Amino acid sequence: MRLTRGTGTSFVGGAERHASRSLVGLFVPVAAIGAVLALVPIWLGDSRLMMGLAIGGLLFGCYAIAFNIIFGSTGQLFLSVGALAGIGGYGAALLGDRVGLPLIASVIVATLAAGLAGGVLSWIAVRRSLDVIFTGIVTLIFALAFENLLLGLGGVTGGESGLSVDTGSATFLREQIPPYYLFLGLVLLYLIVHGLLRRSHIGWAFRALRDDEVAAELAGVNVARYRIYGGLIGAAMLGMAGAIYAINEGRISPTTFGFGEVDVVVLVMLAFGGIGTLFGPVLGAVVFTVLDELLIEFGQLRVVAYGALIIVLFLWIPRGVLPTFGSLLRRLVSRRDTRVVDRSGEEGETVDVT
Amino acid sequence: MLEVRSLSAGYQGNDVVHDVSIHVEEGEAVMIIGSNGAGKTTLFRAMCGLLRSSSGEVLFSGEDVSRMPAQKLVRRGIGFVPAERHLFPRMTVQEHLALGAYPKRPDPETRSIVFELFPRLGERRRQRAGTMSGGEQQMLAVGRALMSRPRLLVLDEPTTGLAPKLAHEAYEALGVLRRQGLTLLVAEQQVPLAMAFSDRGYVLENGVIELEGGSQELADDPRVRRAYLGVT
Amino acid sequence: MTAAILDGIVLGLQFGILAVGLTLVYGLGGVLNLAYGHMAVVAALVVSLTMEAGLPAAGAVGVGLFAGGLFGLLLNSTLLRAVYRLRGEARVLLSLLLTLGVAFVVDGLLLWRYPTEALSLHIGGDAVEILGVPIRSGSLLASGIAFFAFVALFLFFRATTLGKAVRSIIQDEEGARLVGIDPNRMRTLILVLSGMLAGLVAVTRSMTSPVTVTQGISFTIFALIVTVVGGLGSVAGAFLAGILLGIVNTVSSFYIGTFLTYIILLGAAALTILLRPSGLLGVPE
């Protein structure tokens, strides 16, 4: 792993350097992914259980893409992915059931609430110049506090046993197959949003601030503003996904959006696929959803397997599958030494000689 | 005593110093001058085991110490005072000097030599390094290095950030040490000071040795005068 | 109220020692050990199993501490090597992720093999009255041990050369190398010490309430909160923050309830990061 200045950049894959500038380079792969995943219900559509798992996989794909924007693009280690999705989920459920808002309004307001929370978290991190570890700790604290609030305010949130979500129960969202396509649409939408972001001036700013914050500031990039954008957009995406899922499932509880259940999984998925790449999150989500299902019979050992996987992944494929295989392929194809020469460090940097 | 042969070193695959060869004989005071970014720090760090060199050798008293990490070099008798000093902010002067001789216990005789050399340190024994001024920190850094009784003391830009009076005092102290038999290798940006102090020197620019010779020779060299002494 | 405060001090001393283990390791240049709580739980498990095998409590505790230290040693010589090769943010991230993985592996293994094990050390003897409040002998012994541990640590770090060498590695690794200190040996020492401290706290906690295998994560979180408030890398800070937060914990639990108390503790950590990131006694960057 290389240390480069900036935030968490050593994990970021280089695939985007070769991203096609044209929109075709974005829409074609997205459409292909959509086409392939659209076929899944043909195969699994009979089983409610299987479709539920598939929807879960797409949900995590959405989470992973959103987290990719927050962490991969703007370098903010938000350890509150689950909590932000939970704001969306619980928000939509409570707004729909208790406050009586129509379904779509509930989802929109919940999404905005999540987005706001994410934006505030970013704003705080930026204002206090929090580095990665402190951003991580603060967002972790937020996640733990949120989960605790859910447990504690039982009167409103149903506490440990959770809430049943009545709103939307009459719609197609409770059926077996249609929600799958809604979630698929969401994944594709998120991919397109991310892809367009990367191609826009916002994406340019993201790349600049991730590579070298100081240089970016000097070049006129308002690092603060773009970090907040990243937090806002990513969090809103998490909230929307969480909201729709809550309505689809009909039942949510604190564990639906807990740190161990969501954040860790998303982290692994993204790390596997490739942080910073466009399609990494989708690859990670697919692989791990399948893997999770395969491992289900192992009970507690499943957790062990996840832990071992995290360790193996970050030791040996730190940049993720897509970038690693991408460079391997490129090297095979070109035959030249394609090793990218990194900027040399400042004069004071040490290579560990011990 | 110290021989550096064709040393190249740098960061992340890019060499900053190329094929540098210098030598320091016992009892000498040798200077290395060069502008900012010339590679002096990189050279010293590679020499003193803080940076892995890409090629070349470093021999100290005949022993190949090229691959030896810094903590082992200290035991061989090389003391290094880096440009950033690397003091322990929450530890006192006493504690610094106590650690300087690690793993041995600090020798009271050496300690009194240090306090004689730097009376201001003696006045501030219990003061924490983090609260000291630049000049005092520099003194402490040198004092700490001296506690291990090195035979060769390597200093990287010891006068950075020091007021002229303090810079002179620093070199006076180094002069005292020299007279007591310590061999010195100093990288310096304040060229006139270094020249007055040293016997011999090297000019390092762009990572290569461009000139070498006796200090007086270099002082008279028109290129050196133009580049470093502001003479047109 | 007095009872709550005294109870808080008892708890706080132990939180403090727990935090010392975490804060020392963080001092090694940003290594965040998220498997820390699990080290404590594993040590507790070992003590429990050893006692079941027939060893008297004192011996079992010794074995448990050894296990804690061993955990630290293993962690240091395997996974953390990759972490030490990095600097700065990359080091923090990798340490976070790798230790998270370890936490999962240990958690899963423990729950799989010993889901119902719990360590409970019963300390005989009558309750002692302090300031009009009866303190159970278990609490007394636990706080006594914790306090003694702090004194021992203090003496170690201030008065011994080895202790100063450890501090120096935390304060400036390069500076330490320049005086001949081997960072690898120091790191090993710190990790072993950290593991033993975790084990020690698991043992003292078990004197007042059972320590189960599911508590790994909560140990880590409490240690993290105290570490953050006390100042990353500061032993004295861990002591002070431990006691303060221990008192806040018990007083608040008594008057307001546990859910809100947890939020208050989390909030304390968050506020510290936002207002004074170096913590109570840490060195401002």
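The first chain written gets the first letter, and so on, giving A, B and C; residue counts start at 1 in each chain.
Simple rule for what comes next: a contact is a pair of C-beta atoms (placed from the backbone, for glycine too) under 8 Å apart; a residue touches a chain by one contact, two chains touch by 3 or more.
Please read these numbers as outputs of a predicted model, since none were measured by experiment.
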- Message: Measuring from CA centroids, which chain ends up nearest the centre of the complete protein set?
- Response: C
- Task: Name the chain whose C-alpha centroid is most distant from the C-alpha centroid of chain C.
- Result: B
- Item | Geometric centre distance via CA averages, chain C-chain B, whole Å | 41
- Query: Distance from the CA centroid of chain A to that of chain B, rounded to the nearest Å?
  - Reply: 50
- Message: What's the distance between the Cα centroids of chain A and chain C, rounded to whole Å?
- Response: 32
- Note on the structure: For chain A, residue numbers touching 2 or more other chains are 349-350, 354
- Query: Can you list the chain C residues in contact with two or more other chains?
  - Reply: 174, 177, 182-183
- Note on the structure: Two or more other chains are touched by the chain B residues 49-50, 69-71
- Query: Okay, in this complex, where on chain C does chain B touch?
  - Reply: 161, 164-165, 167-168, 171-172, 174-183, 283
- Provide the residue numbers of chain B that touch chain C in the complex, in ascending order. 48-50, 69-72, 74-75, 79-80, 82, 85-91, 95, 98-103, 105, 130, 144-145, 147-148
- Query: Along chain C, where are the residues that touch chain A in the complex?
  - Reply: 30, 32, 79, 82, 84-90, 92-94, 96-98, 100-109, 111-112, 115, 174, 177, 182-184, 217, 221, 224, 228, 259-260, 262-263, 266-267, 269-270, 273-274, 277
- Task: Could you pull out which chain A residues touch chain C in their complex?
- Result: 1, 3, 7-8, 10-11, 77, 124, 128, 130-134, 136-138, 141-142, 144-145, 148-149, 151-152, 260, 264, 267, 271, 299-311, 314-315, 318, 349-350, 352, 354
